[in-house]
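Both complexes shown next keep chain A, but they swap its partner, so chain B is in the first and chain C is in the second.
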Partner chain A sequence: MSNKLNWSRKMTVLTLVIFAALYLLIIFFWGLFMNPGEYAVNYDNKLLMPSIGHLFGTDAMGRDMFKRCIKGLSNSIVIGLLASLFSSVVALIFGIASAVWGGVVDRFVKLAVDLCMGLPHLVLLILISYMLGKGTLGVTASVALTHWPGLTRIVRQEVLHLKSSQYVLASQKMGHSPVYIAVHHMIPHVLPAYLIGLVLLFPHAIMHEASVTFLGFGLPKEMPAIGVILSESMNYITTGKWWMAVFPGVMLLIAVILFDVIGETMKKLWNPNSGNE
Partner chain B sequence: MKRRFLSIMLAVMLASSLAACGNSGSDANSKSNKSASEDVAKDSSDSQKADSKNDDSDESINIYIGNGVFDSSMDPVKGFMSYGYPFVNEALIQADVNSNYVADLATDWSVSDDALKYTFNLKKDVKFSDGSDFTAEDVVFTYNKVKENQANNENADLSRLSKVEALDDYTVEFTLDKPYSPFIDIVAQLQIVPSDAYDEQKFETAPIGTGAYKVAQYDANQQIILTINENYWGETPDIEQVNIISMSQDTAYSNACSGQMDVVMVTSTYINEEIEGMKLHKLETMDVRNISLPTLTKQKKSDSKGKEYEVGNDVTSDLAVRKAISIGINRQEIINAAFNGEGVPAVNFTDNLPWASTDDYEDNQVDEAKKILEEAGWKDSDGDGIREKGDLKCAFEVIAPGNDEDRYKLATAFAENVKELGVEVKVRNESWDVAVEEENTTPIVWGWGQYSPTVLYSLFDSEMFLEAQYANVSGLTSKECDEAIEKAFNATNLDDAYAAWKEAQKISDAQYPYLYLVNIEHSYFINENLDISEDTQIPHPHGHGTPIICNLKDWVLN
Partner chain C sequence: MQFKAEHISFRYTDKSPLILEDVSLTIEAGERVGIVGPSGCGKSTFAKIMAGYQKPVKGQILIDDVPMERKVFCPVQMIYQHPELAVNPRWKMKKTLNECFEPDEYLLEQMGIEKAWLNRWPSELSGGELQRFCIARILAPQTKLLICDEITTMLDVITQAQIWKMLLEIADERKMSMAIITHNQALAEKVCTRIVRISD
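== the complex of A and B ==
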């Protein structure tokens, strides 16, 4: 009986993850290879309600909102991907270095983490993006540069915990260098926590990209992006053009939730004891 | 998961409730609007009620005219409302509906034959709102104050004014160093402040003037409350209190939907909507939108201080390209696409200005435009729909600067339209900071519209190139044009000046340094019971919707 229950739960989890991954992959590749003509300006189709031809309706320039959403989300995913890859690598290096070497390195890393976390995140994002001249570069850099502190702390804790374990001590006694220990004993051990952190960074990165863009400090207006679409739709929402805000908003929400679901599920699979923490 | 699902539902519900104030279902809305308007502050509900028709006390209106009024100091000495629609202070003369100057605080004026002496006779029995008398002394004080603090006021250039004297209590004489025909525009723009009560600090928010209204309350970035100036020399206005409210446009629109506003400025986004109890008015402006087309090839140039700038654009530097675009695009189609048809096609400054060139040309000459491009060597040899000449593609960027949705829409519609000629235009939205940095290399969507022809000096004179922001960004260098402008400045009467200004435009227009697109219109939703006296509205100068208050004193609330 319990076996059966277990099996069905695993199946649910698996289906969920596959569905989530598929949804995100489709959006990602569809947007990546989309012909710009598909969301081009077409003044004959201004402000159409959602229909079969235009699933999400059209905007004031007659651009198809569905295609713009897909392209925009795809852009967001690219930025999210770059940002979380960069952030997680930084976190891994900082986390391990700080725990293994300790002393000055540890103090430096902790200081850097505190510095980053001490400022409100959105303010820091705007600051960096503005400094780099906004646009794609600004928003990508700002999102990439501000998402590592949380993960760094997790990695550092894990490694500190490992440091006192028997086999690490034994390895040290045998005269292995800290780098050797880090690569051979630490990384394999923190990898699950690290990968989960990586996936869980994604929704943050995407949300932050969208909000910075929404506030006008991110992606340029001419680029399809959820933030741009949402801020544009603000001009039309009072006149009842609800589809311009609702669908893109829901699409963003679903993408973010799905990443979250994948991350949380992986956490449960790889780290079953996390429920007891 | 349950919690997340709930949050999605909430988000969807929020979005759809926000959308409720739409054009559809206006019946249901208006019912709920009525109940909402009953809760509104007493003053605004009064204006809504029909039975207040005979009750003339306590009439007040709420108006939204953009937030420009809140952005600057209200001190005329620092240039407040110098585009010609002041409401607290008044100038010696003002423009009438035909853009001719008529007396305001002056009764009449004369100009000496050498155009060096301007003599103004002033109205008697005019009082400032603080009760003090308006005399020649105030005029002298105001002009000297501006001249001493010229750096604070770029709109009233008094550098050619040598002295201003009070011949008696009601006569003022201005003496110029050399003839300067736009001086009369300055007299119309510069409003008089009282010599005794002037206080640089206080006038930031509470100027004292001779106008029909005075500032009763100033709440920074919230509202300005105007009440009637009891000492006003003219007929007492009908409306007791005017609340100028600062908000975002969509908030203003929503408030109008719920019956709380009497005047709401709207952009073309809203002009197809309907609001119960309000009517859409489109008012004439002298405001044009044009795109600068740099006339120089890409190179480096230095200004008079030796600072080096990157200037020019290899595509737009070809006269054939500039001309072909100017005659080849279909302006009406662009206006329909971008502005829902709001605005009038323009190929020049508007003819409601006496100095503006009236030389028109036909647009939408697609075949002719294509011929010009072909002859200049721009051919589409690789079949991608975009012409090229050697390695150079016939493509350029256009910057739609600032937070102006309309300029972005206009630029996009232009980009679509010009495709037919085989020219590729990429539109970028940038902040003004970035736009100004690139103003000499990248075409930019500009807005111009003022009574003073000095704008032509700034746009076309070669000595302005690189010397000031926004000035001669196309890099026009024409000796004949410079001479015509000089002639206009030095003209001893207005007719000669206007003729010279037209000549300067004729010379520069042949180079097509600016692509004029549209003479915009200002649209407002106005309470059906409010008469804004359209007959006495001047053609609106540049001002993002604020100029509607130019005749505030003539408004009548029924």
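== the complex of A and C ==
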């Protein structure tokens, strides 16, 4: 195995990740600082086909679909970010507590995980969102509160496995403190799984946010969001206004796939069995 | 250092039958004791208790007539059967080797560890090479008793011979005691100064 070969593969992967991250960051900041006037109602330009002026066409109220898409995706990314950060912190605390303390704590965490996973995810999302009065708060809370069980199980399993592994036991016999073991043995093992889980949570969160909104239990109608745009476009798709559904859908798909690519790439790079490839 | 296991009894759960019942063993400094017995008779369990990984239900472990201390470097160290499980797969070999002390060049040479291996991952070394690391990393000056639980069973005959030759040399040099757990009667007779049999 030559050194040059290793380098070139790592470079390809790195370029891919940088490109993906750049795309997402641009959408995020462009949307964040976008002037609301850019996607304002303008009845002169109702239902225009895609053109140079309006890349993705316009909708029934003459709003520019391209700008709305960017703003909508940006909103989705904010919600996804909040949700996956919150979920992953909960997962980390629950997972580690459950593995380290065991006993009652472990049983409680497992019960909570089973409870959350036993219900169909979308039903749970709708329930929580509806309970909190829909809107931004409802969607964010419901997406944040329902994405931790999977990651909790991963973290718990990793820590449990490590706790009884021979090299951790041997490390204890060498007189190393729990802090040393946590820092040198546990964290390097759990962190990659955790970060990958965090990144892979993101597309889920965005998709769920969009679907809850699409079903009408989420973000308010006036707020640009992919879910809102898609559900509105359903009313026009039968009359041949294809651009209102296709472009936002494709944008959402690209964003989700890119996050997935970043996550999967990290997985490969951090796995010691493929880390040197 | 004198090592004493006094009246050890052990069971894994409250309901399971006793695996060990009233076992006692004394190992003097420099002694090499072979522990042989059929599969499932509790050899490995006894090894874990001797090294302090398991607490006996009854009985105690004494080192120079003092109960074994936890949370400091233990003078009783154990080497396992599967070296690939005993090293952190995310550490390069150098870190694994230096986890409790820094072995000097002489020891590395004695153990047949090559410099080039230090920058590799565990998955890039063979079982025999890994086992050398597992042994070298705990051969700190403070190690007085080495428990070897079937440490060469999965290695080829030549590597087995090499590893035992090195271990015996080092043990003689340092007056280090060893407890050797094995199925292999011939091996036990060759390397041990005394053989103890555990029956069911």
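By our rule, the second predicted complex is superposed on the first by the 240 of 277 C-alpha atoms of A that agree within 3 Å, B and C clash if a C-alpha of one lies under 4 Å from a C-alpha of the other, contacts with A are read in each partner's own complex, and residues count from 1 in each chain.
Throughout what follows, a contact is a pair of C-beta atoms (placed from the backbone, for glycine too) under 8 Å apart; a residue touches a chain by one contact, two chains touch by 3 or more.
This is a predicted model, so every value here is computed, not measured.
Of the two partner chains, chain C is the only one touched by A:175; chain B is not.
In the superposition on chain A, no contact is made by A:35 with either chain B or chain C. Residue by residue along chain A, chain B and chain C are tallied for touches, and B comes out ahead. When the two structures are aligned on the shared chain, A:164 is found in touch with neither chain B nor chain C. Of the two partner chains placed by superposition, only chain B is touched by A:60; chain C is not. Across the complex, chain C meets chain A through its residues 51-53, 71-74, 77-78, 80, 82, 85-91, 96, 99-100, 121-124, 138.
Touching chain B in their complex are the following residues of chain A: 41, 43, 60-61, 133, 216, 220-222, 232, 234-242, 245-246, 249-250, 253, 257.
Taken together, the chain B residues at the contact with chain A in this complex read 4, 7-8, 11-12, 15-16, 18-24, 249-250, 253-254, 257, 269-270, 273, 336-337, 403, 405, 408-409, 412-413, 416, 426-430, 434. Within the complex formed with chain C, the residues of chain A that make contact are 165-167, 169-171, 173-177, 185, 188-189, 272-273, 275-276.
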